[in-house]
Each structure stands twice: as C-alpha cells, then as structure tokens.
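Think of it as A, B and C in the order they're written, each chain with its own count starting at 1.
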Amino acid sequence: MSDSLLEVRGLSKSFPGVRALQGVDFTVRRGEIHALMGENGAGKSTLIKVMTGVYERDAGTTRLDAKEIFPRSPREAEACGISTVYQEVNLIPHLSVAENICLGRQPTAFGKIRWGAIMQRATQALARLDLDIDPSRQLSACSIAIQQMVALARAMDVSAKLLILDEPTSSLDERECEELFKVIRKLRDEGMGIVFVTHFMDQVYAVTNRITVLRNGQLVGEYLTSELPRLELVARMIGKDAKEVAAMESQQPGMRSVRDEKPFLEVRNFGRKGSIAPLDLSIRPGEVVGLAGLLGSGRTETARIIFGVDKPDCGEMFLDGERVSISSPRAAIRRRIAFTAEDRKIDGIIPNLSIRENIVLALQASRGTWSKLSRAKQDELADKFIKALRIKTPGPEQLIKNLSGGNQQKVLLGRWLATEPRLIILDEPTRGIDVGAKAEIEKLITDLRRDGLAILFISSELEEVVRTSQRVVILRDRKKVGELAGDAISEHAIMNQIAAPTAESKAVVDV
Amino acid sequence: MFNITHISFWIVFAALLFFTRKQRILWPLLALALLLLFNDIFTPGFFNLELREGHLYGTLIDILKHGGIVMLVSLGMTLVIATGGVDLSVGAVMAVAGAVLAQAAINHQSPFVAMIFALLVSLVLGAWNGLLVAGIGIQPIVATLILMVAGRGVAQLITEGQILNFTDATLVYIANGYLLGMPFTCTLVLVLLAVTYALTRGTALGLFIESVGDNDIASRYAGVNSRFVKFIAYVFAGFCAGLAGLVAASNIKSADANHAGLYAELDAILAVVIGGTALTGGRFYLLGSIVGALLIQTLTTTMYARNVSADIAPVPKALVVIAVCLLQSDKARRYFTRLFPRRNPPAAMTETLTAAAPKVEAGS
Amino acid sequence: MNRINPKYIPLAATALVMIALYVLGCVLYPNFTSPRVIVNLFGDNAFLGIAAVGATFVILSGGIDLSVGAVIAFIGIFIASMIASGMQPLVAIVLALVVGTVFGAVQGSLIRVFDLPPFLVTLGGMFFMRGMAFVVRQESLAIKHSFYQQTIRQLVIPLAPRVNIPFTAMCLIAVVVVATYVCVYTRFGRNVYAIGSSENSALLMGVPVGGTKIGIYALAGFFSALAGCVSTFYMQSGNPASFVGLELDAIAAVVVGGTLLTGGVGFVPGTLMGVLILGLIQTLITFQGNLNTWWTRIAIGVLLLLFIVLQKAIAGRGRA
C-alpha cells in the first residue's frame, strides 16, 4: 500500500520580494499520515495553499492519483479530492452542524433543499468518524474540538482522497487531540493519504509515518518518522545537520556574567488555561532572558500575559519585589514595561502615520491626551532614534508603511525606548527582516542590556538566542520544560530540551 | 461681466490650488474650481456680489451661508469617521437642539441660557452615542441608529408636535446676522474650525484619533486609551450637531422637529469623504471636510441657480457619492490602472523611495 | 444540555413583545379585539413589511440598504405616470419590478466588484432614486384606472361581516411565505446566512460569494419595487416626496424581528412580527388619542436599544 497518491514536483511560488517555495518536491502515499514540518517562513502554508487552490503556482506539477491537477479554488481542489481542515475553524458558526457538513452541496429536489436528507447525510458522515454529535446543534454552541471534528466530517463528506490537516490541534487539549488522532488513524487505515501540519513534536511521533521538512522555501528532506530522532528533526528544521549540532556544544562564548542583582520582574506559577501552563520566570536589570521553543510552544502567550494583553488565571507577578497585577497594556506601560509584538503589521505599526508619529505614540500615550509633546520635542525624539537606531529613511515624515521590515522594527523599538522602559519584551524582533538588519537589531539588544534594561527576548532563531541571552527559558507544548544559564547555554542543550519526549521532560536540567 | 472682484477671485483661487498642489485637499478644491468655472461661464450673475447696508449679498455668499450647517456638522463627523466610526444621529441631534432652543426661548429664558441648554443637551446625546460605541462596544452604525430613530421623536416631544416660532433678536442673528460684512455663520464655522483644530492638534487627541482609526489594536498595545478617544469623538460630534441645530433653527426662526437636519448626516459624511478622510478611519482633514461641504452646497446652489428643481439635486449628488467611493477604493483603482496601463505618474516618487529605503519584504 | 438555542432568544422576545402589545390593546380598549384591527394592521403596513423582508436579506448577509424609501417613492410615481400616459397597469407593474431589480443588481455589483461599503453605495442609490422620482414628476399624481379603482378593491377575502382582507395584506403574506421558503429551502437562502455569519469561511467552503451578494441586493431591489407597487394599491397614487426615512423603519423592524445586524442570524417571520410590532405601537397610540404620534418614534427607538443590547449580551455570552 505504499504507492504514491499525491506527487508534487518542482513546485515554485514567489510573492513580490520573496521566494516562498523553490522547486519543492512532496509525495504523499496512500494510507499514511505525513507530517509537514518547518519553522516560520519555511513555506508550509504556501505549499498547502497551492495544493488547495488558494494560490496559483509559478512552476511545477501536482499529480493526484497519477492524474495532473490544477485547482484554482478551494472548491476545485475539493472536486479533485483534496479536502482541508484549517487551524482556525473555517465553518459557519451560526448554522447547525448538519448544515455545515453539507453547505454548498445540499441535496435538493427541484431546487428545494431536502432537510431530511441533510440530516441523514450528516449523521452518516459523523458516524463514519465514530462521532457522537447531535447534527441539529448550532455549531457555535459546540466546543472548538467538536467544531474541528465537524470540519473533518465536512472534509470527508466529499469523497476525499487526500486530507490536509493544517495545525488542527493548536487549540485542543490532550484528550481532544487523542479523539482526533483516533479518527485520522481510522481514515489512514481506510487508505486515505493525510498531510498533517503541527508544531507539537510529541504529536508528530505519536501519529505520523513520514516527515517532510521544509526550510526557507526549500525541501530539506523526506524521512520515515521511525528513522528520524527528534534531535535530528529539530536540527533539520532550524537548518543544521546533526554533525554540526554535535560540534556546536563547545563553541560557546564564556562572556555570560549573570549579575547578582534582584530581579526587576518575577512571576511565580503564572499561567493561563489554554495558552501557557503555570511557570516561574525572572529577569534582572541588565539581563537578556531568551524564550526558546518552536512556534506554538507558548512563547508569545507568555509575553502577552506579562504585558497585560491577556489576563493570567493563576500565579503572581512582582516588579522590584512588589506584588502587582497588570490588567492592560496601559497598566504595563505605566510600570515601565514595553512590548514589541510578533506580528508587526497587525499589532505594531500604525501604517499610515509617519515615522515621527509612530515613535512618539507610546510616550505621548503615557503622558496623556492633554499634555502634548511639542513639535520640536517630537522632531528631536524622531531624529534621535533615526540616528541611534540607524533607521534608513529619507526623513521622519515618511509613512512607516513605506519602510522595509527591518526599519519598521527599529521604529517600533524607538517607540518603546522613548518611554524609557525598564523591561522590554521583544517577540520575534528579527522575523522577516534581512540579514544585515538582523545583526543590527541583535547588537542593539546587547547595547540595551549593557545600559541596564531587563530584556525578554523571543526568537525562533536559536543562534540569536544563544548569542544574546544570559539565561534561556525553554518552552515546549505550552509548558516551561527547562532553564539554562551562563555557560550551559548552547544550541545543542536547548535543542535537546525542545526535542525531549514528554516522559523525559520531568528531568528538568537545572544549572 | 469681468469685473475686478471677479478676476481677483480667480487669481486667489489659482494661487490656492498652486500652494496646495501637493496636498490631499487639492482634489476637492479642484472639483470646486471646476464647478465654479462652469457657473462662471454658463450661469449669468453667479459671481455678482452686491454691498447693501454694509452686508455682502450674492450667490457666492449664499453658498457660504447655507453651507454653514453642513460644515459645522462635518467637523464633528470628521473626528468620528477618523476613529473608524460613523454618527448617523447628527440630524436628529440637530432637531433636538433646535427644539430645546425654541422651547427655552418661548419660556422666556435669556437667549444665551437657551443656547447653553441646547448645547448641553447635544453634548449629553453625543455622550450617549459614545457610551454605546466605546463603552458597550456596539458597532457605530447600529449604535447611532438608535438615536437617529428616536431623536426626532424626542424633538417632537419637546416641541409638543408644534413648529415653535421665536423672535428673539439674538437667536435670529445666529443664522441671519452679519459680522464684518459676512454672514455670521461664516464666523461661527471659522471659530468651530479653530476650536476643532486646537482640540485635535493642540493636544495629542488628533494623533490618538488617527492612530486608533488606522490600527486600533496596535494603538492599544502602545498604551493609547482607545475607548476614551472614541468617546470624546462622539461627544464632540454631538456638540457640533447641536451648534448646527441652533443655526438651522435660527435660519427659519423656528424649531421644526420633522425637517430640521433632515439628511444632515448623509451630507456631512459625504463632505468628510470628499475632503479626503477615508471611511475606514485614520488620517483626517478638517479643511478638506469644509471644502467638501462647500462643494456639496455649490452643487445644490448651482442646480438652484440654473432653475433645476431643488428636488432633483440628489441625482448629481448620488453620482458624486459613487465617484468619490470609486476614487477611494483600492480595488477600483487597480481596475482602472489595468484599463490604462501606461499612466504612471508616481514613478519618480517610488524611485526615490526605493533608493532611500529597501522595499518592504512580503511576509511569508 | 437541552437549553434553548441562543439564536431563538431574540425571536422569542419579539413574539412576546408582540403578544403583550396586542393583549395590552385588548385590555385597554374594547374595540381593539375587533378582527378589523388585525386586518388593518396587515393592510396598512403591507408596503413597509415587504420592504422590510427585502432588508432582511441584506442585513442577514451583513450589509445594509438605505435606498428602500427612495425606491418605493420612485416606483410609485413611475407607475402612476406610466398609467397616466396610457400604459396598462400590469405592464407598468412588471416594468417597475424589472427596474427595481436591475437597480438593486447595480448596487450589488458596485459593492461586490469594487469592494465599496454597502452603506455608501446604497446612500448614493437613495439620493439617485429620490432625485429620479422628481425627474419623473414633481408632484404627486393620482392613479385613475379601473384596475386600481375596481379590480384591486374587489380582490379581497371576506373574513367577517364587513371585514375583508385587502389585497395589500395578501401581498404581504405571500411575500413573507415566499421569502421564508427562499431562506429555508434554497441554496441561495442558506448561502445568504453563511456569508453573513462568516464571509471568509463561506468562501473557503465553496460558497459562490460574489454572485450571491449581487443576487441579495437585486432581490432587495425587487422587494422594494414590489413594496412600491403595493404602496400604489394602498394610496391609489404616486408621490415623489413620500416615504422619506422608511428605510429606518424597515431596518428597525428587521432588528426588532430578531435579525442580528451583524448578519448570519434571523428569520423572515420575525421581520413580519417586527413590522406588526411597529404597527401595533402606532395603533395603540391612535386608540389612546391623547398620546401624540412622536411617542411612536421614541418607542421604536427604545425597542431598538433593547434588542441591540440583548443581541450584544447574547453574542458576548456566546464568545465567553
């Protein structure tokens, strides 16, 4: 049963300024669960969107059942036999379960929808997956897990040959995941090909037969799950080979003085259900604490509850030893905490305002509406940060949306530095910016640390974390699984902890 | 036919166009210029000005005078739209303000007390809208619809269904008086414009409004109190509508709860959008809204001067609405660029930009 | 687990309000129990009801249509002038329906093809139709034709001695039945719900979003035109200045009838109840005699507020 079902050959796709996929091959066989792995920007979602007809490819071929296909819309892909379940449940919340399963292909008689037949068909589709869900229930009244199952049932309702699961488990708990796995194993045994995208290492090893790794839009390789140790998988995802990883161990700089000061920020047993399990964390002035972990491991979630975007539901937080509770970003800023969010475009820049306005915004907000910074003061601040952060721009009145990603990031850094924060949380500050700008941002972080700032640094690039951090906290599957300090920090050590299977994770490496 | 005032008018206007050639306001000004030019050539007497008893009269003066109401309303509307919202209730608020004014005047309150009452009531109504939008989080169209429906009922309740006439000289002066040879409404508009400008640019409110309208989430992450900003915008819109309500009532020396401010919300929204403020929020242009209001009024007056029934005036207005929409729509612009692929004016600017800063790399 | 589906709560509230108002009327005024009250309720509010049904489709899809009142006025004067210039009434009515549908389709295309906000496009539509009504004729025009003076007046169903169901009421009921059928038993109807609930999901689920959207506005245009025709039956005339602000009453009726203004949830029969509630308030105020008409508007505003806050509360609970 190992004949190939889907064959993608030499697939390329470019967007203005970026080559998302370069000559990628991808093969899925009948009756297998195939994991598609890769970090941010690896090209997974582009590959999926090309297969499901959301994007048009630039070059390459796709064969399904040895027949060339060219889907131009999700609907056409579905007609070919490719069904997709997305991370965000893409169903209609206000309609019933049954209708969601049949929408767009309701059985009709002379144009009249046969509701009885819909119920019957939905019941069958649910029964096929051994699901006990009342099909007449409104979808929004169901839990996310159930909704995900309904999406699966919908995908199965068209006689699908290939099922793509794009991070379906990211909002499910363990028991719900197990339910889902039961269903997809059953489908696998029926001979279907299943593509499974996830960030959870344990899940990959629990259900998949084969793994394809992508990095920077290129194929790294295809492996049998049973033959690829976890550590090697992580190494491939972040672009090292295993020999390098082994050699890396001893090449770390010794310059890691951890000052013996009292921490500026300390959280104890701090967490929020569904986003991050309770954890302890402290950051001293003049210290960079790295948060390492794969995408979806709870890095951003940790930052968000510290900054007051999300409310923690357990634990305590101390600033300078004083117990505080921060309920909003405004409260966090008053306590001199700053946060540059992961998604610059959505949570960071104010696109149609100038660089000057973007820089003064947070400082002005902390001063209130009525005491406006004089224009002279604003210009001075803008000039200061354009110079200090080496922002490349014709002038401070340029709209921020016209800058490159790296320069936008520097403007946002300038926005926060203008408020003279004591702690700055940087969530993926180097994501999507070019190599030169990355190096500059890294240097800035080191300079800021020397000036006595406490910094929480989140990055997918382990090298960056290793180079800049005095301590590293490692997260996996929304849990803190370890902490490294000083000379113990190395890519190898971090990877070991990221990759460790759950059973071993109790043996937290303490340094 | 070509007298001195006439020629000097066009010289001034041409200079105005020249000095604003790089600004957003150029387009509404240009449209206004075309409309005026059309009238200059085809409508006899359009540019005639007459000085009687130290007061200026003429079609142009009429435009300023009658456009005053929309200008006042559009200033408040500009701020609301800039936050990404809309206020449908301004017409109803005008009716309420007029009703309060007339009722107070009839009950022998001093004219100033009557005005203060009316303005206080409009502030409260604005605060009500602000509470629904910023406090409870109801979408602006829906939230202000409530007052739009109920407001006129409240106005009728205050006037007891009558058209209340008043004769107080001070109140009549608001819309019919002259100051320095110009209608007093012009002064009122200028003062409110100055106040709005001071409120938004003299404080950080303008920056906050623009940042909240452009990217609400990012603004909140930067510590901007987005609810407060929105609330203030609606309160101010209520105040502006109240002021316009006073002018409308003074204009006809009575409060007519049924007809005062009818369609004012639509004209004001149109003026704001013509003026360059996008309906999606963000950057706002106070002077643009004023020019937009002038354009609408000139359009109406043109029809009137050319003996086209005022009732038909909505037709060209409709075409203006759709044209402005299409001009502002990215998608429509893309269609048109595809139709005329060789037009390429911003090339020079793009080049300097790319030379100075490497272009944004697309996220993966 | 067998709690009521939250989407039925506003509908239940609507029914409750309607029954309460009727019972209140019956308790306060003995004449209120006459079947004539109910018949008039349907007959007098027929054109509002038909327009509101059209608005229901638009609001269900998450849009808004401000052109309703102007379209009705235009169609009214259009039919009146056509008949006055010698056209057969039935031909004029069919022509009017075509004009209304095409107009709606144009609005829908502008919204869909150029991604323009429905609010502004239908605002433009409102201005346009109001102006065109006056282009057709500057003042109101009575319709003098045997079809109007006799045929329509005789098309009644006797209900009780001297109480007949007028033709306008029959039109309203027919429209409600057909529209309910379209909403529940056609793919088009279900697509309207899907788009209003989540346009992005609908697209990914293979719903033809573009065509459906244009269809929705075309349908709304058709219903507005039909309301215009029914208004001529009722008024026996056309008037270009009439029905100013009727779109607000239509939207209010839809919201009071339990349709979410954000789209995705709602029921055509609910809209009928919403219209009847507005009518009942008016009737009650007429019966009372001392209360003035402006209380109608205030009462509608208060009802709107209550229902919007109720919707907000339900939506908030659903998310939590």
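Going forward, a contact is a pair of C-beta atoms (placed from the backbone, for glycine too) under 8 Å apart; a residue touches a chain by one contact, two chains touch by 3 or more.
Predicted, not measured: the structure shown is a model, and the values here were computed from it.
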| item | value |
| --- | --- |
| Chain contact topology (line, ring, star, complete or other) | complete |
| Chain whose average C-alpha position is farthest from subunit B's own | A |
| Where subunit A and subunit C are represented by their mean Cα positions, the distance between them in whole Å | 47 |
| Interchain centroid distance [CA atoms averaged], subunit A/subunit B, Å | 45 |
| Separation of mean Cα positions, subunit C and subunit B [Å, integer] | 31 |
| Sites on subunit A touched by subunit B in the complex | 15-18, 20, 40-41, 43, 45-46, 217, 307, 309, 329-330, 333, 339, 341, 345-353, 357, 360-362, 364-373, 392-394, 398, 401-405, 407-408, 415, 432-434 |
| Touching residues on subunit A, where the partner in the complex is subunit C | 73-75, 78, 86, 90-95, 99, 103-106, 108, 111-113, 115, 138, 140-141, 154 |
| Residue ranges of subunit C touching subunit B (in the complex, touch as defined) | 64, 110, 113-117, 119-121, 123-128, 130-132, 134-135, 138, 240-241, 244, 248, 251-252, 255, 261-262, 292-302, 304-305, 308-309, 312 |
| In the complex with subunit A, residue positions of subunit B that touch it | 202-205, 207-208, 210-211, 214-215, 217-225, 228-229, 232, 282-283, 352-353, 356-364 |
| Subunit A partner contacts - residues on subunit C that touch it in the complex | 5-7, 184-187, 190-191, 193-194, 196-198, 200-207, 264-265, 318 |
